[in-house]
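In the two complexes below, chain A is the common chain; its partner is chain B in one and chain C in the other.
Our next item is the complex of A and B:
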């Protein structure tokens, strides 16, 4: 899914508007968390004696359940709206066609080997379930670069709108913080908070952390340049002597607001080492589909779900032919996004029904832009990673694959959440792309001469999810989460929305494994 | 070369012994710097009319010069001591044999595809010369992982000797610094240093940077856990609720000294994105050798270098057959390490002679250890990156390639500089390896059951370099650097020692390109 920049972007917006305390409250209330409690391959022991399960949705949650349930002896069927398996685990390549709500159809023209992942695009090292399934299913992974110290941080209101290198902002912010704290300590202002023994250790650590001189000052010179980069880099032979770059004043650093972006890298979700499937995130979907594709009925829009004393029936309509039909099984695992499920007739109790209606879906948008050449590498030495801006595009993501390659390349040209995502999504795809190029050119002027074409996915116009991911408030989670996950008769829900790792594939996977474990217990207790 | 952990390790040692001001002085005096001033392929225009150059040493400096000088029309010969090209750009694999000073021979038994780079093992994004040559010569690169937030920081004197995760130390150190500074600001202790406008921005930034609550406190809870990791990670379905990990007290954080390691990642040399050649650093040596291997006479130990009015003659001795011979050319580009060159008879002026004698060579050692399985990935979710310890091994480096692979793997099991490197090198290779396993088991108990065999390179016992790299003091650099680089009659020096990027391949390369540019000017001015 379009994931957790959500958190950052939302928090930054909240921070910008409402100040810091609102940020912290929002952060806690969003209930975000990152690691997974995957404990190894699920074990469903005992003979289900021909019990059958109807799975709705062939995303990661649905296909993992199909794989494990069939292995455990269940009869399994899967229905999916799309003409492909994978759901939000999705990659768009040249030749692909996508029609959004409203009827606009895009024909992607990316060159061979280039792609954009409109949904999830990275897998943290602690998403152990996803990594294990990738290994078991033979999905090759490569490092995803999250932080690039040579990428840009940009604010239209800072440094005359000129993008700064991440390394410059980081060094100057650290220098500012370290210098101020050293000053307070040296002036005996913190004697009540820092013991005499700790005082020297703290001062020593601040010099190391902030690149301070022995006098506790952060200043233009060799030490600061060894963090933020040089005006003239060192070389070899004669005339090799480096020249230092000039630091920013602490006031400029603080005023810029660019320090906001530094916190992203500190977040557990974005710590090293992250991975991505070689060739696109849908390599995971394809790998699952190789295992359970024979169980999936594609192009099937679910129109109603009815349970009775002996089973569950889903009515569906073929999205191309209009054919109507029904599928039935003893139990139903429903992984349909709540944004869609809330519109489908289903006879469940009031607790589950209320829970389904209680979770709004986050807006989000991704735009992939193809350029004639990888100018960000060739001109600017940016290999993978992300630039952040307070322009509506929010993010420019550089491909973490095929480094140093000649020929065209595809950037993630926009990845806004919140109001900007709505604004973008309200435009036509062509307008969105034109805007992304216009804004991106502020950071990379090469856009103007190198841009070729793009593709834009606004998640609120994606017909089968109508939003990015389930955005739990802490109030909704306290009131509805357990009801959402609890079995209702013969129906059980799974998906990222039924997890504490919202927006991530790991949440979808773990919710599914948890659900089928409980389903199996129920079946074995019959 | 064994590179700049040098700087860090040395500085840490200096810091531990002499306190912070010594660190800063040492840092500036070591003259370290990182970026390169490579300005694209060298252009040697004009016809050298049959001028010839004898190059001593077939490392990166020597082979780059050979390639460019031949292309420009020079007659080129290269002599090298070793039976392979590459010099310190070196990879040891199963089947390789290495004999050190003192006569100890090691036969490496690593499994197919596994290797250790005793010298350089990474290329920063700003080493533009090396990256350009890799591209031109078709050397495939992959990301090198420097920082791994899930790797360990360890001190025998902290946390009862129990390794801490990098993420835990980083979060707790940031929390400590941010909380203390927020406290000083809130108590109006810094009103002279921070304007009223900046004050609110600073407080807001500290909350974001240090994961502080609205009250300015860093405490155990969801926010801190979203940085340092969880006691029970979040999951899916029922029982998915995460449990927070418990933070360290600021005093424990400061006392531990583990914050020292955090500064490494801030250094320009180690910022993202770093690269390594796929398959081992010597892929670069092999690529150069494909171009200029026909010019290189291997197994040739230079015994004397004499210049006269018409040219330069190097006397050599075949290291296997004992055959003696001489090679002569109009000019000589000498890339032999100063540690060796200072022992070779050579008629140069006193300025160059003094410079050659003025640069001691840094000690350093690397040990590669093969284990039955990649337990660091399978048991501990560590994919690439580095653990740091104050045990004599200093460093454990995890392979940044072949992630998730079954079968054996090779770790960098020790990478000490300074006194520890001397202590290790004084032992036999077998003893060094046994010690590395003993110390490493403190951090990874799996060592005891999983270790198979290893290989140990102590750079002061490497016959052809007798040390790691040229360790310039600022006094020596001020007095001798320009003399070292200046042409002396028909002789010109190059190599990492003739650069402001010591210990790195980029320094060797740029010094070489600078030298041949000046040599060519001289030739064209005839």
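Our next item is the complex of A and C:
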């Protein structure tokens, strides 16, 4: 897969047109749908006899390795460029400052308790490794709301640019598809494909799938309203009688393109249940740092990695004091993103060197916006979940915590990939925020009166990652992936880029556990 | 699958503003070298073309002798190089020609002639 369109867009398109099995095939060929192979806590048995490991990068991959290797008896040290542990497992709160490449510094002014996760923000139920570490490290989790039937789907070219509720689009789309298919069956168009018995079963299933009448029609009325919602919902007493909402014509439904967004929830990655750490994604980073923080040397920019017959030496420069130094160990587990590692002098073989240079980094951009009140809940009954739009902001994510709270709230005001993410990133933070407010106001006019301030992270301007995640093409994966993961002398790599679950913490974690397992085998075989 | 996608892609309407920014989620719609540089390249190479340094660096394009041979920037823009993502599928031939010409004639560079669309097509 190439860098554009985003995989989510592509999957949406494929899914909507070719059906779920096509999506699954496409996903597996892109390397996204592989089941997490986490098999419980890693067991590194045997005495490593004082062997030492230098870990580069204190993100999820680096800290999990530090935790497990120390527990197994290794001498461990960790270097990280950043001034905090966690890497992309990151949360921005009021009082935090963030300086991006180019020198712009943002001072986040979010109110107490409010935050934005610029990187990962959700953990699917099947990311077993992450969930297990959260449990073992005491990280409290709460449900992340992925699908909210009362959130919006919006296209500037559909329904006069008026946002539609998810439930309306879903009901009308299912109704349209079911009705058309029922018509084809009834016109004997599918006789070659469907047996006589199955024909009746199919018609029955279409009625239930699409909320069709006994005549196979999807029409305005009680049944359709029980799916898409009511013009006047049922109540009690004298004014109880519901009024049906009016369905869209099949032509409007198809023309709208809003069905694209429905496929997101079909994606294995986004199926319920998903979780988030209570208080922000960096609760995971903090929990790891509680365990292994004493091993981590922060503010250390790695400038060279040299291996010889007896060990590996990383040269570093302190990012604040300019102090230069070296750290040495028998082995090195390097979790530095390839965008950065590809520029660090390093004596590895040509296969690994080529692999390191073969993976460009995807763009990504997130904006957190603080509003005076949680108008999405108070005015629109949207409690968590996501609205999708074809405006450049792509996504509005509503906080899945602190429901009904008075006072200000923060939502995710933009989360594009692809060209829109590049275009946002090329702006100043203030311009990005102003644009996100302008676009978001199309969906929520309350933005205009309720917006207070925001913070914007364009991942290509993040100094310690220089891109969002490793964007493997299928060609590059076929040619380089195994070489990237293979041990080269005394060096091996880990991180989301060394996984088939790119961009997810689970990929970083599993790659790390796999790497230290192989490293341990090697040490035990000495 | 690929063809299906391409059809959809072409049917995506461009509603870009005057500078061509934010016209499509799938491809860039900026219409001049200056606009492409400002709204895409500057994200990393910065508005002044001097790049930036963090844990690693985005190279400066200023006074860059490597831009003398036009094939080099064309190849890097189309196919990417290490951390630099490929833009071959998100920029048209004329856009690549325009932006390559832009960086070869700005930031202290002064290389002529501008690349032709044919050169870009051949390099793909």
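Note that in this section the second predicted complex is superposed on the first by the 496 of 526 C-alpha atoms of A that agree within 3 Å, B and C clash if a C-alpha of one lies under 4 Å from a C-alpha of the other, contacts with A are read in each partner's own complex, and residues count from 1 in each chain.
Simple rule for what comes next: contacts are C-beta pairs under 8 Å (C-beta built on N, C-alpha and C of every residue); 3 or more make two chains touch, one makes a residue touch a chain.
Just so we're clear, the structure is a prediction, and the values are computed from it rather than from any experiment.
Q: Pick one for A:308: touches chain B only (first), chain C only (second), both, or neither.
A: A:308: touches no partner chain.
Q: Check whether A:458 is in contact with chain B, with chain C, with both or with neither, and answer first, second, both or neither.
A: After superposition on chain A, A:458 lies in contact with chain C alone.
Q: Contact-wise, after the overlay, does A:238 reach chain B, chain C, both or neither (first, second, both, neither)?
A: first
Q: Looking at A:294, would you say it contacts chain B, chain C, both, or neither? Reply first, second, both or neither.
A: It touches nothing on chain B or chain C.
Q: First (chain B), second (chain C), both or neither: which does A:81 touch?
A: Touch status of A:81: second partner only.
Q: What's your read, chain B or chain C touching more residues of chain A?
A: It is B that touches the greater number of chain A residues.
Q: With the two structures laid over each other on chain A, which partner does A:340 touch: chain B (first), chain C (second), both, or neither?
A: Only chain C is touched by A:340; chain B is not.
Q: Looking at A:466 after the superposition, I want to know if it touches chain B, chain C, both of them or none. Which is it: first, second, both, neither?
A: Second partner only.
Q: Name the contact category of A:47: first (chain B only), second (chain C only), both, or neither.
A: After superposing on A, A:47 lies clear of both chain B and chain C.
Q: If I apply the document's touch criterion, which positions on chain A are contacted by chain B in one structure and by chain C in the other?
A: In chain A, no position sits in both the chain B and chain C interfaces.
Q: Show me the residue ranges of chain A that touch chain C in the complex, using the header's touch definition.
A: Residue list for chain A touching chain C: 2-6, 9-10, 13-14, 17-18, 22, 26, 81, 101-102, 156-157, 301-302, 336, 338-344, 357, 360-363, 390, 392, 394, 416, 418-420, 422-423, 425-426, 458, 460-467, 471.
Q: Okay, in this complex, where on chain B does chain A touch?
A: Per the stated touch rule, the residues are 15, 19-21, 23-25, 27-28, 32-38, 125-126, 128, 131, 134-135, 141-143, 145, 147-150, 167, 170-171, 173-174, 177-178, 180-181, 183-185, 187, 189-190, 193-195, 197-198, 200-209, 211-214, 222-223, 225-230, 232-242, 250-251, 254-255, 257, 259-260, 262-263, 266-269, 271-273, 275, 381-385, 400, 403-404, 482, 485-486, 494, 498-501, 506-515, 518.
Q: Within their complex, state which residues of chain C touch chain A.
A: That would be residues 1, 4-5, 8-9, 13, 15, 21-22, 24-28, 38-44, 46, 52-58, 80-86, 89-90 of chain C.
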